[in-house]
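Encoded as structure tokens, here's the structure I'll be asking about.
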């Protein structure tokens, strides 16, 4: 049994949310749905910081490594002298490594986001459930969990 | 000492004394004196102009972090006068520039000294005008902009005239931009240090990660460390790739002999590989130890770099260097200290 | 890895060889199968060299034809050949295009109203013989006009004419050297052009004679001059009315109005005769005949500064073995004979006979007639006296002045039989056209000068239904007289050679391609009185009045006969760098006065003759002097010299009027000035570049076995462009045509840059510098350009995607881009060198030091288990250079010539300050 | 007004654009599409006959195509800049431009990406430039700036696309409510089943922050790399250290100008005056002014240095640039890029959209000319005077260039009609 409160007004929605938290409803039982990101929600409901940032970090790091490995190894696989530059000339390779850092970082954070927020969710796509511009608080009761 | 500073005009006396001492040293016998003075000059002008520029830039984009140490940053303005005086002391040194004696329109001794001096004084004036109005007032931004303009020109001149033309006919069009970005970078570093000294640790109630003035400053430093690396790389890569002997010589001369090679690497670390990772994480941005470490590494990085830029072409005398530095450092501290005390009393 | 690298390169080269072995330039290369056995003596992939002789101009240089799969693909000079000694000029190199030219006559043709219809040879011959008979009956005279012929062919022609009662007319050459011959006839009774042994002289004064371009036997003289220069104390002064390549290369050059050189020479003669020549009994009456002259008066009349006049005289007197050569434009202008005579007398006075000036080995111009002879011929035809008129390898309609009405009068002959290779202006007017084979398709011999016999031999079967010169004549003879000699011309030649040389000599002749006989010295006797008369008779009336237009031969087209070769239009004229002409050269001052700029259209008029030409401003040209190359003007308004009967190629009182329009002509040079960039460094630049320390941040990359390099001696290079032609043909560089040239899209891998400093011209051959730190390589995204283990800057055509960045980044701009898919019209495609891939559209191409030759040389060395020897092989350009200005070799070999030159005091590299470290070392020219 | 009412209004106003297109719109679309067609045909013609059909000459082997490439990559820049950097700086006025700007980025990159191909001598083997193991057994030359381009631009396109899409996810969710038919389905799918739970929003916020953080240095790096296509060479006028920052500034400059050029009419056509206010324009005008100053600084330094070092090649190159046959273009460029923007010092003009529109268009012209002048004049007169030449474009080049503009605007027009042109959720957030 989920009880659901729907608000037209942002502030009243926040009041209610604060009240619930004050009344000691455990945060993990409260779910809210908002038409746009409401920063205050984050402050009211104690939540862990998003793990997406780890994905970003790992992605970026792997990008850097890949970048250097790729350029260096391919150059060594067939060492051709051009313009007297060293076969492994780091300065140019930095550029490739940098590009890949960004690329991998960005893509893996996106992947992380999809993963953590369970998207794309078929249910979400199919469900007709629709709150429009309303602010919704869903409180699951303790028993069923 | 502090008491003396409290006195009216004490500061002026102190600055004058410092000037006199510096003058004395630079007129003294030691061979490398002029070089040492140039180094000290370049560094301090960068820092001083940087501080004010940081304040001005802060005012432009109303960054709260810089705003909180605005007064202190602006207090160093008088040192610009001292610097102009130092520039005058450098006049005899100009004869040792490679282009000296050759006919030229741009590279002529009088014009050379003239334009640099002019812009130092201009910087002073505009800085004062900017300092005169409180942060939140209407005309501030305009005045800040004016100062920044002068700052850009004066730092570019320092780069192209005082440093680049030491190795005439070598040219790097980027050097000017590189210099004023670096000065600004240093300015932020100083602001961070001042912030920590004056406002101490961040208020306890602050949850880590949430934005504070300090993290504002850290973010700025972090961003600038990237920007600096970018500029450094842009300049290095272009020269490395072009492989034109005339250009490459500039780098090769610094990488071919021992102490300079290591110092050159050190610059990279001090200005990028230390601050960047240090300030990477959100928490670190509010951690006073990391931030101060980063700031100090940045400032020392600038100093080392100025040295590396001059070393192959200029002679130094350790003694003179020591005196020049301690003088300027003392004055700098004194000025800021006094201002901060003043600010305390006001609040 | 190195090995893979090498194998890969091998793969590309050999692969591309197969690619183009079928000579198909376009991408969809069809492979020839050897299911059918290849023709006799053809080994696929193997080149053979057959000696023959170049017939592009009368000089008769010896050539080795490089034959691949039964097709000649390149001509090179025969080392040691008495005429050219291994050198070959730009025309000679290009003459392959004549062989493969798509417009060549493909079979005999008979006039059919306005056009021609092709007929079999038999019909052609019978028709000729019938007409010969009928015209004889009509009492008309049959006439035979030919170009200069020598050796057996000449004798056969005489014999045939005699048998068939055909009047053999004096031979016709545009440049007949009439004045020189006349002078020699008057003075010594030798009506011919002597052979000059320049290599023996230590001071050379040339008057008008364009030795390096077209004068009699240019390659020979070019080599002789460089031999003399190599000898050390040799000085060469040149006097000319205009600005020529020859003048540009002389140690000093004076411009004098034609007719007035005589004054200088007379002065010189007087000096010599009075101060030096006393000993060899110089006839006094000659001195009396000389116009009174002092250095000052001469200076006044000639415009040469007095001190220079004195200097010339002093040097001439001081010289141990001085030599004067008068000829060319100086003798083809009014008073030419006087000039020639004065020169000849000086020779006599200084005792140059019979050593340095040699009539024993004279140049075989005796049978060549004059312009007056042609006037007579034209007149005879006009009077309808002519029956059958044979026009053998000659194009008078183009080269004779309109006033002769040659073209119209041809119609009045009963039958005009043109024998030639192309449908040129004359052939077009003929009634019957007999196509002749190219010399590379024919047996024969030539005797360019007395005592020198040079071989013509077929290196491929005739491409078309043509006959060799000899067989054509014999065919005529046979059909007309009923019975020709048994066998063909070949047997006849064989007999003649056996007779002259003996069996052994013949064999050697066939193998070497030439014989030189030692002729006895031929002393001359001077007829003092006639000499005096000759001098007296040349008065100051015979002087050119400015403004004057000079019609001069061009190094690219000679008298115009070579203008048919597409390659020669593609190669820029050395002085103006114009490729597709024509144009008129105007002096700087005249241009300034008349407000003329390059490409301005002007009308050039004299009398009722006029022409419309674009202007090119030519530094070093004296005021009010205009120059047009002979090939530019059909039927030029030239006069006949009353005294020699020769042509007067100076057109006086020309009117140049600006039309206000401009004509687009491709001028390849972007600037005649170096813009202070020291490509050809003055000492200042050299110092700067020496001072530069070569800093670099890159690790040194050494080359193990070979590092190919080239030395270019600017002191020897005279800008003749032979190397350019050689490169074009060796490397299948396409001929792209005027439209692309107007956009500066020429394809030549090697160019010669003229730079003018105050009237003086210097030439800089510019080709890929094979930089050690090559800017072009690094920027290529796909490794199409990379540095091979032998220091070459190779370009892999199949890998190139055409970003063109390499070219942008090349400071020397020596890379060429294929803007189109270039095609070689049949049968030109057979000329392609199978060792070099034909490049596809959209790829970059460039010089790689003839990598195919390097490969060949290395393979040979490998088979013999040794390293490549110095000078064992060389690049096409170096091979063709008549002066030996280019030296190619392995610079790692301390013994090699290129190493020595590269380390000489004169050595420098272009744009040294860029740190590209080119493999091409230039040697600063030592002009005194 | 009631909150809900406001939100609903935002939805309506912004999604209003999606209703049936008007005659003008269709006409415009037809026009731009026809330009695309022309461009396509001409490209085919060029591939068929070879690059000879373009106006290239011997020294000038890069010209309009590369100019266009740099121009479009430049345009692409402010998109991500405005979005990402302003997001990091917490600049409110971002919301009114970001969507339009991001779309612009994506489309501009699509167009830009074509030009290297068009420019290739053998477009049909463009894949030689992509590093992948092949029977050719050879990898690309990572020391070549052109390969850096492949990576930089490729990355930039991908990241911008992700950024663009991520920004739209919540809006798709909102838009699907109002759409019907096929469009509804598409939006529903594109929304990935977004509900707007706090969890989603939390991760979303973090993702967006990181994308912004990644995109910002990327912006700088990409145009630096583009600038290095020139700076890495040793061509006088190309090889200079300041190029990277100079080009980045120039790119942002031109990009910002293009944003203004696009948004001013957009605001008018779809009367979004409430959401895109004059204040917003003023702030963005400041960016324009600022970047213009940097560009001018670079001009001064470049010309100054050319004469400073006494290097005959550099001096020659810049003398030719300023006084040679292309001098008119050079001075027009300086007028458009350095002088015209100075008017924006006046607050009144910064707030006057008409004036802004004019300035921005002039800047676009100026920046295109800048690239042209840098590329062509430097090549036309480089080291060896013998090969000095010039350049005149042909109809093929002009046509293809127009085609590229056609393509860009076609894509943009389609975007305007089919996607939310402003960030609905953010605007709601800031009400």
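By letter and in written order, the chains are A, B, C and D; residue numbering begins at 1 in each of them.
Going forward, a residue touches a chain if its C-beta (ideal position, glycine included) is under 8 Å from a C-beta of that chain, and two chains touch if they have at least 3 such contacts.
This one's a predicted model, so the numbers in the text were calculated from it and none came from an experiment.
Ranking B-C and C-D by contacting C-beta pairs places C-D first. Chain D has the Cα centre that lies closest to the mean of all protein Cα atoms in view. Centroid to centroid, with C-alpha atoms defining each point, chain B and chain C lie 71 Å apart. Spacing of chain C relative to chain D, judged by their CA centroids, is 57 angstrom. Chain centres here are Cα means. That of chain A falls 28 Å from that of chain D.
Chain centres here are Cα means. That of chain A falls 79 Å from that of chain C.
Under the contact definition stated at the top, the residues of chain A that touch 2 or more other chains are 49, 78, 80, 82-85, 92. With touch defined as above, residues shared between interfaces to two or more other chains in chain D number as follows: 138, 140-141, 143, 147, 217, 221, 232-234. Shared interface positions of chain B, i.e. residues touching 2 or more other chains, are given as 237, 240-241, 243-244.
Residue ranges of chain B in contact with chain C, taken from their complex: 240-241, 243-246, 248-249, 251-253, 255. Across the interface of their complex, chain C is touched by residues 49-52, 55-59, 61-62, 116, 119-122, 125-126, 128-129, 136, 138, 140-141, 143-147, 150, 229, 232-235, 312-313, 316, 379, 382-389 of chain D.
Against chain A, the residues of chain C that register as touching in their complex are 1, 4-5, 696, 698-699, 701, 772-780, 783, 785-787.
Chain A contributes residues 49, 83-84, 91-92, 94 to its touches with chain B in the complex. Chain D contributes residues 2-4, 7-8, 11, 131, 137-143, 147-148, 151-152, 154-155, 158-159, 162-163, 166, 170, 174, 177, 188-189, 191-207, 210-211, 214-215, 217-218, 221, 225, 424-426, 428-429 to its touches with chain A in the complex.
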